[in-house]
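Take a look at these structures.
One chain, chain A, appears in both complexes that follow, with chain B as partner in the first and chain C in the second.
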Partner chain A sequence: MRKVGIAASGLTEFSKNDLPIDTLMLSAVKSLFDESQNLSQKDIDVVITSTNDNNKYLANIISELSGISPKSAHAIESLCNSGTSGIVSAYSYVASGLADSVLVIGAEKSNNPGLVLEWDKSRGQYTHPIYWSSMFTNAHMRKYGTTLEDIAYVSAKNHRNAINNPYAFFKKEFTIDEIMKSKPLTENLRLYDCSMPCDGAAAVLVSAENTIKKFTDSPVWISGIGQKSISAGFTKNEELTSMSSVIQSASSACQMAKKTISDIDVAELHDAFGICEIIELEDLGFAPKGKGSTYVKNLYDTDDKKINPRGGLIGSGHPLGATGIAQTIEIFQQLQGKANKRQVEGAKTGLVQNMSAAATSSTVLILES
Partner chain B sequence: MNKFEQELKNNNFVCTFCTHCNKLVWPISDFCNQCFGMAIWKKVNRTAKLIEFSRKDGEIFCISEFEDGLRIMGNIINAPNLQIGQSLNLVKCDYENGHAVFILEPIY
Partner chain C sequence: MRKVGIAASGLTEFSKNDLPIDTLMLSAVKSLFDESQNLSQKDIDVVITSTNDNNKYLANIISELSGISPKSAHAIESLCNSGTSGIVSAYSYVASGLADSVLVIGAEKSNNPGLVLEWDKSRGQYTHPIYWSSMFTNAHMRKYGTTLEDIAYVSAKNHRNAINNPYAFFKKEFTIDEIMKSKPLTENLRLYDCSMPCDGAAAVLVSAENTIKKFTDSPVWISGIGQKSISAGFTKNEELTSMSSVIQSASSACQMAKKTISDIDVAELHDAFGICEIIELEDLGFAPKGKGSTYVKNLYDTDDKKINPRGGLIGSGHPLGATGIAQTIEIFQQLQGKANKRQVEGAKTGLVQNMSAAATSSTVLILES
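Here is the complex of A and B:
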């Protein structure tokens, strides 16, 4: 297989707006072209869109609007981890030699139909994601003594990190007290513990080793990929204090990259809700089981940006199809040393963890400078 | 409306079942997810085990586990106190506004 890297990126601000999905996607493509050197439309062999939007033929529409005539153009949909699934597909095209460069564009509207998986009848009338989050939260609190204040530190940390992210939905720091007193959604979940569905787009150019230097002097390599789907239905999660798909995808990614978690300098984790980041830290091996909240509090107290430096989903907003790509762009910029005030000094190896539908499926990517 | 949904409306909890593998096929499907044999319909035993629960606006919602590890989310009523692992009885099921509705009660 050929070596594959990320050559360029483009983002739109994550916000609530009236722009249609194609305009959002095109804006991210324009941003990518604006920031790339020597990139022309003719360099792009494949265009992939990642979204839950119901509009048809979007990859071909965006290709036409961008002046690209690719060999192939198609969409990828996998709920909240559509974005990294698009990147994995791009990797496969390039690694196999079917394409030299693939443009992946993810976008979502806040009113997209992907927030609730209607197919999953096992959720009964409790279809909204706050209910599964509440189940994970109570299970973790019961088993490990995690408190609501512990969980509030995830939000406080990520909102504080998001202040330095010019594309973030939130640009306001919240105190622990403000988070604790925000609107209660369930007995263990408050409004500021949650990521915000919003409008936004993100794009990356994935290229082969032999062509990537044309577009950038500092490529970032995709050295590890792991994906796992355990089910579609939430109630097939047998263990509620951990996320099996995260553990298995991380194991595959580390094996492929020949890395361990101790090699990771910076990571983007899928904090759809505060409890998710705590469980993921434990499942990925950053913290021992039951100690994820202690790890988060230490990051907060020392202003350490190692985990979710762009503010995570909680601080940045969560436009489903764009999220995994925006996470990957953050690690791309960190490993290039171009993350400005968010920069984790000396970062050489980074990790992206993106997941869907109550962790029923996950993606883990390992990137290296 | 499919048979599962129609039966829920009649307060019957049914699930697809594979006679070859002798197990419930959940989520419901025309075919067994192990042997791909044709599935038939079977009534589910209405006794369940409490896996996890939480509350919203005073209403208790939970994950309950029925026979063959079939898990669903439902509403618990008449529950002054609850213990993980305790037995529950499915007192009512329904299908409303496109959603399955399961109402359970503790067995003390």
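Here is the complex of A and C:
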């Protein structure tokens, strides 16, 4: 099987604006083309969009507006996990030989219809994701003695990291006190524990070994892929202090890449809420079970940018369909040594973890320079 | 690269009903499991849905409701070409080794939001597909002398074929006179020249060579794939008597399969309107340019079921996201010799042609027993 890598990337600022979804996507595509001087529209065999937007035929529309006439153009949706689902699909097109290069474009509007999973009647009136995150928080506090102050460190760290991300929604440091005193949304969830749905787009070019050098001198290879869909409904989670989709997708990705978590130099984790990063650090094996918050506090105290250097979803904002792609772009730039003030020195191996709907499904990618 | 084939299929009746989209999808999945006695939920690595429906996370929802816990579950959309886009994506997952078996489920409601491409402002007030089909009809009549009676033969043939399709929307023969006197929708388009948007679902299991024999004694191999997206907007069509996406996708598919059109024993063509089948027959090379209608009339007069044996979209109905999958199932059954009264005797090589939005994009698959 031929190697598959990331050749180029493009981003828009994550903000709240009135730009339509196609304009956002086009901005990310333009940014990607600007980055890769040798890339021509003719090089692109497949265009995949990743979004929860209800507009139809968007992949074909963006292709036409970009001057691309691909073989296939189609949209992919899997709620918040759409972005990496698109990248994995691109990988399969390239690895199988159906395509040499696939352009994956994720974008979202802040008022998109993927924010609440209408189908999940098990949530009763508590349809908003703040409720499942509160239940995860309660369970972790009860079982491991995690405190609200512990959880605030996730937000403090990620907001501080986001200051060095020119595309981030927030570019402002928050103290632990400010986070703890921010608007209470539920009994144990405050506004600054949450990622912010926003408008934004992100694009990557996924290319085969034999063509990638045309587009970049420093490709980043996708060496590990793990995905797992446990369920769609929240009530199928076996317990609330662990995310089995994350554990299983990480195990598959590490096996494919022949790596362990100790090999990972830098990681983007899906911190939809503060508690998520803590549980993910434990489930991925960065920290022992119940010690995720200690791990986070240590990162904060030492200003270690290893986890969520671009600021995570909490600092960068969360345009659903763009998130997994923006996470992957951060690791791409880190492994290229082009992450500027966010750079984790000497990073050679990185990890992306992206998920949907109370961790009912997750993707883990391992990337290598 | 390992061979990839179709192992099993499932269909619902194409009708107008009040069933929700998930119920339709589940019915097709149940039908597929019933057909393949050895198939277990654990065999399925990836679940892909194909639909224009606005409900989110449907692939994960159907997975949960079916007792499947796949690696990846996601939805694919590319208007009327969604179904074969899903099958090609499934092929790439299997061929690349990311999956051994992929379940592809297409479904649509008759009032789905993919019926009109809102984005295409170039259509002015003439947003409904009947207008582009009228323009194709006018152009073909002007250039080649095709008559409205010629075009009525497409509908007469396909409705007659649909009588033997237990899942078809229409199961009634129409005379040329009835078709020509059916309700006029535009100057040169009558109601019975059109396919009927309806409710329905279709599912296929796409599997790798090394596992497919567990599920079927008579697999059908996907040997050729061609796809082309010319544009999204109608006005990018260079001319209206030909469909360049169809020509290019057929060329790629034949090249990959090392076949020519003369090798094709049976084909499913995307007859959204009568004129489409005539142009497709010409562009695919079944008939010389301008002689598509003569070819159709000959099929009708000799009761030859080679083209659209299940009744095409005109006879079977057109649930957008399910159509490309239902077309593929017909060729699967034909090459298995299990098409009952629709059987084309001795069919070994078949073709599927599926497309979107005034032929702005098209897929061609070549299947072999």
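Of note:
We take it that the second predicted complex is superposed on the first by the 369 of 369 C-alpha atoms of A that agree within 3 Å, B and C clash if a C-alpha of one lies under 4 Å from a C-alpha of the other, contacts with A are read in each partner's own complex, and residues count from 1 in each chain.
Please note the rule applied: a contact is a pair of C-beta atoms (placed from the backbone, for glycine too) under 8 Å apart; a residue touches a chain by one contact, two chains touch by 3 or more.
Computed from a predicted structure; not experimentally measured.
Of the two partner chains placed around the shared chain by superposition, chain B and chain C are both touched by A:Lys236. Among chain B and chain C, the chain that touches a larger number of residues in chain A is C. When both complexes are overlaid on chain A, the residue A:Glu118 reaches chain B and chain C alike. In the superposition on chain A, A:Thr137 contacts chain B only, with no contact to chain C. In the superposition on chain A, contact of A:Thr127 is made with chain B only, not with chain C. Applying the stated contact rule after C-alpha superposition, one finds that A:Glu187 touches chain B and leaves chain C untouched. When both complexes are aligned on chain A by C-alpha atoms, chain A residues 118-119, 233, 236 touch chain B in the first and chain C in the second. Residues 118-127, 130-131, 134-135, 137-139, 142, 185-188, 233-236, 240 of chain A touch chain B in their complex.
On the chain C side of its complex with chain A, the touching residues are 1, 22, 47, 52, 54-57, 59-61, 63-64, 69-79, 81-82, 85, 88-89, 91-93, 95-98, 113-114, 117-119, 225-233, 236, 249, 252, 356-357, 360-361, 363.
Of all residues in chain B, those touching chain A in their complex are 4, 26-28, 51-56, 61, 63, 71-75, 84, 96, 98-102.
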